[in-house]
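Labels for the chains are A, B, C and D, by order of writing; each one numbers its residues from 1.
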Amino acid sequence: MSKPAYEHPFRVALHDTDAAGVLFFAHLFRRAHDAYEAWMASLGFPLPEMIREGRIALPLVHAEADYRRPLRHGDGVQVEISIAALETSRFSIDYRFQTEQGTAATARTVHACIHPGEKGARPLPEPLHAMLRACQVN
Amino acid sequence: MSKPAYEHPFRVALHDTDAAGVLFFAHLFRRAHDAYEAWMASLGFPLPEMIREGRIALPLVHAEADYRRPLRHGDGVQVEISIAALETSRFSIDYRFQTEQGTAATARTVHACIHPGEKGARPLPEPLHAMLRACQVN
Amino acid sequence: MSKPAYEHPFRVALHDTDAAGVLFFAHLFRRAHDAYEAWMASLGFPLPEMIREGRIALPLVHAEADYRRPLRHGDGVQVEISIAALETSRFSIDYRFQTEQGTAATARTVHACIHPGEKGARPLPEPLHAMLRACQVN
Amino acid sequence: MSKPAYEHPFRVALHDTDAAGVLFFAHLFRRAHDAYEAWMASLGFPLPEMIREGRIALPLVHAEADYRRPLRHGDGVQVEISIAALETSRFSIDYRFQTEQGTAATARTVHACIHPGEKGARPLPEPLHAMLRACQVN
């Protein structure tokens, strides 16, 4: 795997776990989105402003995850982000959840660009597309 | 305690629990809000419409809970709602979390009436105030 | 699509949504798991007992979802469950999130049977395998 | 207010907010617990080990919060922790959620010391009591 475009650390919190003693699977997606938010802000495209301005939105059209090893309360995790695909009006992000024991899980999210209130996908704004392209070639 | 104004059942889900094997305390407030939403809809004041219309909002200004017995995965819980206080521009809701073993927890939420975008509390709309008053005397 | 093996209703709660006004994608998986828990209990294999007894576990090894239409606060949703695949030591569940406007989302979870503390997948207990097979042919 | 015993930063994530555009009240308690976990680890009493060892537990018996200003997606928040009360077998933690605009919310959690499987509260282990006492006098 190539060098990740971004890395985001977190520690598995008590509220990430369930009575089976391990991270509840749906919370992996919450943690992935935290990494995505931090990454977008670091690129100069903070989601809070994008959502408040309301000109474009990047809703998820697909999400998936593969769970290889259980994540336990207190585990230190590094989320490695890379761009899996970049098209005119959508992009895919890969997430790798790394611990000292190796890769605990991987995930992917696919985002489409829309104009809120209008139908169908729209081209990504050129500055955002250019930035994602730059992340991809790294 | 007087007859509750409303009752709302739920079963403790896996995602309500944590690695200590019991309901994570913050999720009790999520479950309380579910009961509050269902109750408001049953009174003819559905929150989704209120929030979409945006003329008034009823944000929480206070929340508290007392935990008496642990709630475990699979426990059947009845949330009993009653009105603890009703003022011109705010109201307090009491929640009692009942299981077969008795009361597992109690909670209270205090809601103020505001006009989004304006400062300070406003009187509750008269139809809502009247309905809450009617629930109170039951 | 064939008749679902199970149906589970829910209403999109305020805490399911985010500041973009629609269901936050990760919460779809929480709602899917609620349907899965209710279905397993209806089949006579309640997860809470399975987890407490600790002889077998059915951890998720994969989860995915496709989001077709945004789900909004207050939307009534019927989760339709069916069995996508059944093997000796794992099974896949399909979820269809139906609203009055049609299918808002679909999801899939893949569960492997393990013996906690031991390595590798184990055959599903025969009574559970038989029950899932029976659901499949319906 | 005296100097906090610990400070823990976070940024309001999309999943912290709801369709009303602000932090959903129950998530404040999740964020408070994150600060509590980080603080306990910094003191040398990591919760994950405590829960896994199972000799003592510090379950919440009470939680409350006052919401002064809405927290919005992207807001930077500093959680200031201090010890509100310390008794033989329980302690209370105060949380102050500070933003650039001032205090957005305050919260309190009350923890009792128990021995899992036994009835009633037990004295806090002396090393933990001593550490909390030291934090209190700062």
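One rule holds for everything that comes next: a residue touches a chain if its C-beta (ideal position, glycine included) is under 8 Å from a C-beta of that chain, and two chains touch if they have at least 3 such contacts.
Everything numeric in this text was worked out from a predicted model, so none of it was measured.
Using the mean of the Cα atoms as each chain's centre, the chain most removed from chain B is A. When the interfaces A-D and A-B are ranked by how many C-beta pairs touch across them, A-D comes first.
Averaging Cα coordinates per chain places chain A and chain D 28 Å apart.
Centroid to centroid, with C-alpha atoms defining each point, chain A and chain C lie 23 Å apart.
Chain centres here are Cα means. That of chain A falls 33 Å from that of chain B. Shown for chain B are the residues in touch with two or more other chains, namely 14-15, 19-20, 22, 24, 26, 30, 33, 48, 51, 72-73.
The touching residues of chain A, when paired with chain D in their complex, are 11, 13-15, 30, 33-34, 37-38, 46-49, 51-52, 72-74.
Touching chain C in their complex are the following residues of chain D: 14-15, 17-22, 24, 26, 72-73.
Within the complex, the chain D residues that touch chain B are 19-20, 22, 24-27, 29-30, 33, 48, 51, 57, 59-67, 70, 109.
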